[in-house]
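Quick one: the structure is below, questions incoming.
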Amino acid sequence: MWNLPQTDTVLQVLSLIALAAQAMTAALAAGRRSMDWMGVAMLGCVTALGGGTIRDILLQHYPLVWVQNPSFLALTAIAALLTIPIARLVHRLNMAFLALDAIGLVVFTMAGCDVAWQKQASLPIVIVAGMITGCAGGVLRDILCNEVPLLFRAELYASVSVITGLFYATAFGLKLNDEIWTVLTFALGFALRMLAVRYKWEMPKFEFRSTDQR
Amino acid sequence: MWNLPQTDTVLQVLSLIALAAQAMTAALAAGRRSMDWMGVAMLGCVTALGGGTIRDILLQHYPLVWVQNPSFLALTAIAALLTIPIARLVHRLNMAFLALDAIGLVVFTMAGCDVAWQKQASLPIVIVAGMITGCAGGVLRDILCNEVPLLFRAELYASVSVITGLFYATAFGLKLNDEIWTVLTFALGFALRMLAVRYKWEMPKFEFRSTDQR
Amino acid sequence: MWNLPQTDTVLQVLSLIALAAQAMTAALAAGRRSMDWMGVAMLGCVTALGGGTIRDILLQHYPLVWVQNPSFLALTAIAALLTIPIARLVHRLNMAFLALDAIGLVVFTMAGCDVAWQKQASLPIVIVAGMITGCAGGVLRDILCNEVPLLFRAELYASVSVITGLFYATAFGLKLNDEIWTVLTFALGFALRMLAVRYKWEMPKFEFRSTDQR
């Protein structure tokens, strides 16, 4: 998910909260498909940790974070399971969870950029790695819930991740990747995503109707 | 799938039988979606070999078993294709195939634990590796059949795998991983799974209804 | 996707065209599910580059082609986005796109065989690697579009890839892998696929009806 220096305690704490929040909203999705408790826990883990896992496999960045540190599995599984008795509450706190999810989107995007940067990837790949880290977990969740991924259909989500990554990675190019820049990137990404939620900003859609199937 | 010492001939034979059985039940699933023969063979291979493949990618355990030993591909593809003319029979032998599948669940779980153990993984990862090996092939099958994975919805399956892995891995911790322990683990896992099938044991389900979609 | 010697300029150009064509037909599929522009671009990339990516992960062949050369991402994303204003035209040029897709099928199959051959894989794996390279991108597209993969259900597609790979790989065994053989393989694979399209050749299907679900 991320490999920030241990000093970035704030980002560390934020990402733990965001991981738990993503596992909890995944649990609601599991509940909508009447999954059992084991399924709830597994969907929580896959959703919260899947983006970083896919990024690491694509960049051959081993060992995977949760393999090295299984407490991430415990955190996300437990967060998902705790959602079961308080589902109504989680659902009612929708706006708060959207904010936590936005924090995750931005923090995981930055963490993904960091990993790719450490692997000496080129700038476009740094940004793609950020986007995959921030977004791919939700795609896995939707595949497992048998839905066309929301990411591809609605909301400014992947685009926020790309803009965040572009802004963040500029600092790599300019060699000014210090804490102020991290804070600026976080503020930009978080504000963009919350504005997109608030004002229902969406990308234009491509609608194509025809008779055949492919 | 597994990397047992060559002496474990019984386990080797059991796992070949279980691989074939999983390919055959996958073939029935393919037939329900009117797949063509090529699709039947491919779904058989993915279902039977997919769990071990995902585990190996996550643990960076290369080369993959079927890459090193393509006869596994042949075995599973042929088992799937042979199911076509005898589909009614396979369907009627449902109970026998559930038993063979249970053998696979337990043997593959143990094999997955062994691989993770050899890669010096921590105990939680040993158990997760066992579960992925035993269960993930069926998840791939259900994704390719465009269904919400059965694993997440019903039956004591993943849980049997986890209990089997817990029991089996205890021996690693206690350094008493000898043949008796393997036999005991097998008996425990197989009995649990068959009892779960017989008495329709299920995990509690999490049902959540709401109006919005995510 | 492929790792042909730089001299094979014709194949290089053909595969760039085929990549773009596959991204464009994927864009139509995205349009049928009303994806937004970001989704269109992402589905184009995944469809065109996914087969080679899966092959490389399975064979541990890193860095991935598009990670090393991100212009492939740009090519496929732009091709997908360009499809939006000219969707009707692309749809009407269906036959031309089927031909371009057939070129891709054959060229990517050969490229996949080459990669596996370079990794000292056995002959069956060389052929499987070719098939995965040629076909798996379309499977990912269908999963993301929430459909049972077309590859498993209809048309002579994977089989053409297997025959192409068998024919191509024979040259490896006979040590006669020169340019004439490449041209012959291309002609064979392309002709087979176009004949299959023209005469609606299909594999026999396996239809199985029963009451229970698994």
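Chains: A, B and C, in written order; residue numbering restarts at 1 for each.
In this section, a residue touches a chain if its C-beta (ideal position, glycine included) is under 8 Å from a C-beta of that chain, and two chains touch if they have at least 3 such contacts.
It should be emphasised that the depicted structure is a prediction, and the values quoted were computed from it without experimental measurement.
Chemist: Expressed in ° and rounded to a multiple of 5, what is the rotation angle of the C-alpha superposition of chain A on chain B?
Modeler: Value: 120 degrees, nearest 5.
Chemist: Over half of the interface residue numbers used by both chain B and chain C, so same, or under half, so different?
Modeler: Answer different: the two copies use largely distinct residue numbers here.
Chemist: In angstrom, rounded to a whole number, how far apart do the mean CA points of chain B and chain C lie?
Modeler: 29
Chemist: Find every residue in chain B that makes contact with two or more other chains and list them.
Modeler: Residues 57, 143, 146 of chain B touch two or more partner chains.
Chemist: Mind listing the chain A positions that touch chain B in their complex?
Modeler: The contact residues of chain A facing chain B are 25, 27-40, 42-43, 53, 57, 62-64, 67, 70, 73-74, 84, 87, 91, 143-146, 150.
Chemist: Would you tell me which residues of chain A are touching chain C in their complex?
Modeler: 57-60, 121-122, 124-125, 128, 139, 143, 146-149, 151-154, 158-159, 202-210, 213-214
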